[in-house]
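Worksheet for the structure shown next.
Lettered A, B, C and D in written order, each chain numbered from 1.
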Amino acid sequence: MLEARDLRKSFGALTVTNRVSLEVARGERRVLLGPNGAGKTTLFNLLVGELRADGGQILIDGRDVTGLSVDARARLGLARSYQKNNLFGGLTVRENLSLAAACAQGRARTPWADSLSDRGVAEAVDEVAQRVGLTELLEVPVDTVPYGARRRLEVGLALAARPRVLLMDEPTSGIGPGGIHAFHALLRGLPAELTIVIVEHDMDLAFEVADRVTVLNYGEVVFDGPPREARDSALVREIYLGTWDGDA
Amino acid sequence: MFHQTPLKTATVLLLAGLAVAYGLSTGFFGLELLTEVAILAILAIALDLVAGYGGMISLCHGALYGVGAYAFGSATVLLGWGAPAGLAMAVGGGALFAWAIGAVTARTHGIFFIMATLAFGQMAYAYLFESPVFGGNDGLPGVPRLDASALGLDLNDSLTFALTCLALALLAYAVSAALLRSGFGRTLVGIRANEARMRVLGLPVWRHKAAAFGVSGALAGLAGALAAQHTMYISPGLLHWTVSGELLIMVILGGLGTLVGAALGAGVLVFLKHEVSRFTDHWHLVVGLVLIAAVLAGGRGLYGQLEHLWERRRAARRAPPETPAPDEETTGHA
Amino acid sequence: MTADVSFWIVQALNALQLSMLFFLLSVGLTVIFGLLHFVNLAHGALYALGAFVGFTAATLAGSYWAAFAAAPIVVALVGVLLYWALIRRMRSAGPMNQVLVTFGLIFVFLDVFRIGWGDIALGFAEPELFSGRSELLGVVYPTYRLFIIGLGLAVLAALSLVLTRTQIGAIIRAGVDNDAMAACMGINVERVFFLVFCVGCALAGLAGAVAAPVLSVTTDMGTAILIPTLIVVVIGGLGSLKGAIAGSLLIGFVQTFGSVLAPQLAAILIYALLAGVLILKPAGLFPARG
Amino acid sequence: MTRLNRFLLAGAAMLLAAPSVGQAEDYKVGLLLPYSGVYAALGQEIDDGFMLALKERGGEIADAQIEVVREDTEVKPPVGLSKARKLILQDEIDVMVGIVSSGVLGAIRDFVHQSGTPLIVANAGNDDATGARCSAYITRQSFSNGQVNRPMGPWMFENGIKTVYTLAPDYAAGHQMIDNFKAAFEEAGGKVVGQEFTPFQTTKDFGPYLTKAKAAGPDAIFVFYAGGEAISFVKQYASFGLSEEVPLYGSGFLTSPLYVNAEGPAAEGVIAGLHYIPTLDTPENKAFVEAYTRDHGKAPSEYAVQGYDAGQALVEAIKSGATDKEALAAALSKVSFTSPRGPVEIDPATNNIVQNIYVFETVAGSDGLTQKLLGTVEAVRDPVNGCAM
């Protein structure tokens, strides 16, 4: 469903992505592991198109999208959430979700009908809000909702885009154990055919939800296999646990 | 996002009522001022549409206005096509020029966008200033007014023309408000709030920005066609960046991103300048001090301040006094 | 067109002279913007103020050097007043309010000039020391223009020394990169801002006094210079010394050689350059922040 | 600006002995001038000159009361037009006087013509205004762009200048001034070896153009610049040392007394042609300079004399017995009198003024720079230029 072949990216002398190849099957839950600075977020940026790769190929559903723009890739069903909240400031939670849902439903550019009161959009917004637990906060401006809710909205925006491939960058960072639990439930409730790649620091979560684990270090893929093998791999243990930053 | 609140509706109706009452009671020059305000209000609304809601602070709206005026002028004076064709040319020409500017500047932001739009506006100005076909800096005289006798209107009558411009200003407001309440308008606000995220959600952002700029340009072109008919003469001065600058001042003074504030700002600035210059040649000094005072007094613009006070009163009435009023000012995302 | 070598050398010197005038003006504006995030549209008015103050000083003292000394000092003092009365409060008020306030200042200054110095264009002479012509690179060139080139280069050298070799320079660079971080380092950012703003004003005033003997002193000179200065700053990329010098040279040379080689396009050229640069590099050539 | 200025000619009442042929009438004059913007200084000079004429010669029309209404054009054509409409429709003026910028004149011309209001142009020099777009209601007491520059062509050729390079700002007036000069100079036998038009009001550095002009190797350089541009140009011309190698000639606005002192020694030796210089040795001029200097503490410029003569023309027209707008317009196109600038009359074929053009050199005097008269081209009359009234 999502494939990267030999992706390369450098900033000056610093190589942040070094010949990364990745193949994620339809419906698969893939977890990306790696220490800080391993190039996980950069890889997401490359996959989504926010960064241009120096070399290599990206395919969605077998189609080469390397030359496509960010929005064109998104229209093929690729969505992402961010490690740092990247919301529509100044707008309410409902307005935030509506913008995403309207894009997904082709209502974002109609100059006659209001997307905010469109029934299809509103239903999608309500559904996503319920999934991520924001129903109570729909009418509140995002700048005044608690941090945990903003994290959930971050994921909600990506979900409201009705993706086929969903990239989530540390969706549980900064939220307490209760939030992590709720996130587990959310993940389990997502449609089985949705392809998901998660960057995660929480090992337990990673091993619990992952069908397969990819470990990055210094911009290179150092491990790719089932979670059990990852857990047992001395290499992964050394790289990952050695630099484990519990507060991250 | 844009909401046509009762306060907004009341302000629009109040302003329109005041304008009509003033028009019916004033002398000849008052009507000239009223017409100018109505035309500038259309232009200011066009600017607020992209600047206040799309985050595209343009310094080329004077040029779009001038392109509209020149399109009308060349269609009627040079080509002899008649005013309806001229009007269509003005609206279309403004839209086309604006769309093109919006498309090529879509990647720039903030001051870079401001300066990029300035560059295109000044190029158009310099071209018309030196172009003999369009009369160079002497401009084009003899621009006719639309013959609306079929509707029973004599546009050569000052009062009728002023009220027609006023009606068109109301129409421009209504069209803009409707657009801002559509999916298109919501998305435009989304772009202002977070353009990158909008793109990641699958929106072809540059096309949207260019389209919004095009709509704004169409309104600016309409204003230009009215200005050409108002003075029955056009000159390159219409396109100069200082026109765009003064326009931006009107919009900010009235309240950026409030739509009705744009019209209010146009009225206040024109009448302020007129009243002050009755007493002194140094009206720049007084207007300058008023602008500075306006910022020091709140910095939300006139309508913005009104809305702020209104909402605080409503909040105070609704909630017990110990709860501080929610400050609607936001500073982007956490 | 006659194309002997000396013709092109003189034109290159013309371009360099114009570039240096632009540099004196734009460097203050760009650093103030980079550090304070403040668009000072009144920068041009401060330049005009420098020219008017210079005119009065030179007339009263009977010497150009009085203008050279008085203009930067008086303009910096006006800058101090503006900073305490307005700019400080405006820093967090958002760009739109900054535009409104500095536009208001432009209007106020315009009439202050009219009331103080009248509507008739003024002028004053260059210093006698630099009044003639000198020979350089085999061409004869106005000495005062060489002085402007020299002064510009000296200011450039001094600023780059201060920015790269001194502690205050390090603070400024840190501030441009990330003001929150600079504040965290325990630096009194406010004082650095104030200093930078004053130096920027002084340079604008100096530019006014230096340009006046070449040009004329008119009430609208500040508004007329504002746009070219903004173009320099924006083309170079906001906030960097490198950007200011690159933008100044680019505009100076394009304008000079444009008016020689393509005079029909002279009025459009710098705008076309601006548009071209921004379409290709939406944040200017040398943006200070990544 | 509507500074209503009720100008009751108080002094006039005392001059009972003065011959009074005027009617017991009220005349309302609209002064439409720039009081702010780049030409504010010019507007003020014209206003001062006009008021001086009314003060001095008001006695001749002692029965008439003249009320003056002022409006500011801000040098913007649309503003000028809207103020012109206000003056004519709301204030119901009988005569309009003023207009500095040709752009403003172009904007108001049709409206003024259609309203049948007499307009005395006191500056704007656009050839068309008394050419293809002339009007029976519009007379010009100032100059036309062609009129000032044409005589310089033969004069320079006769004084040994065979080749010329020209420079002027790139706008309508710049082109008219240069085109007229060029045609006359070439007709006389001279050759224009090169010309350049510099971007109007944005050119600060003339260095590139000067270098190019010098490289063309002409006998002289002929230019038109005014105001701040003139100051910059003359100073830069001298600083490049061109004045020692190639003499600078120009349209007289280049070294107008209004700002020649700002040019300083750089202006010495510049030779130019203009319709007025304050050093003319005639009794009319001496009296005018004395009166103007007494009132304003400085010598009058050509702008002041234009305002003064607009006032004189109005007085002459009223004296002839004209009371309504139609009669005033007819009378204004027939006036002739001796102005400080010499004998002037209105050419009935174009309604433009017929006047002398003075060729003068700017020289150092005892009290700053002054104008030395080199030659007079008498009674310069514009061709009809397609004018049909």
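The definition used in the following text is that a contact is a pair of C-beta atoms (placed from the backbone, for glycine too) under 8 Å apart; a residue touches a chain by one contact, two chains touch by 3 or more.
It should be emphasised that the depicted structure is a prediction, and the values quoted were computed from it without experimental measurement.
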Any chain touching chain B and chain D at once appears in the list C
Farthest chain from chain C, comparing Cα centres? A
Could you give the separation in Å between the centres of chain A and chain C, each centre being the mean of its C-alpha atoms? 47
Taking each chain's centre as the mean position of its Cα atoms, how many Å separate chain B from chain C? 32
Starting from the mean Cα coordinates of chain A and chain B, work out the distance between those two points in Å. 41
Between chain A and chain D, what is the gap in Å from one C-alpha centre to the other? 74
If a residue has to touch 2 or more other chains to count, which residues of chain D qualify? 36, 40, 170, 199-200
Chain A: which residues touch two or more other chains? none
Multi-chain contact residues (two or more partners), chain C: 114, 267
By the document's touch rule, what are all the touching chain pairs in this structure? A-B, B-C, B-D, C-D
So in the complex, which bits of chain C are touching chain B? 33, 39, 86, 89-90, 93-97, 99-101, 103-112, 114-115, 223, 227, 230-231, 234, 238, 267-268, 271-272, 274-275, 278-279, 282-284
Complex contact set, residues of chain B against chain D: 27-29, 32, 36, 126, 129-130, 135-139, 141-142, 227, 231-233, 235, 237-238, 277-278, 281-284
In their shared complex, chain D is touched by residues of chain C numbered 1-2, 4, 7, 10-11, 14-15, 17-18, 114, 118-126, 133, 140, 142, 144-145, 211, 213-218, 220-221, 224-225, 255-257, 259-260, 263, 266-267
Per the touch rule above, chain B residues touching chain C in the complex are 57, 104-105, 107-112, 115-116, 118-120, 122-123, 126-127, 129-130, 241-242, 245, 248-249, 252-253, 256, 281-282, 284-285, 287-292, 294-296, 299
Chain B contacts chain A in the complex at 1, 179, 181-187, 189-190, 193-194, 196-205, 208, 211, 326, 328, 330-334
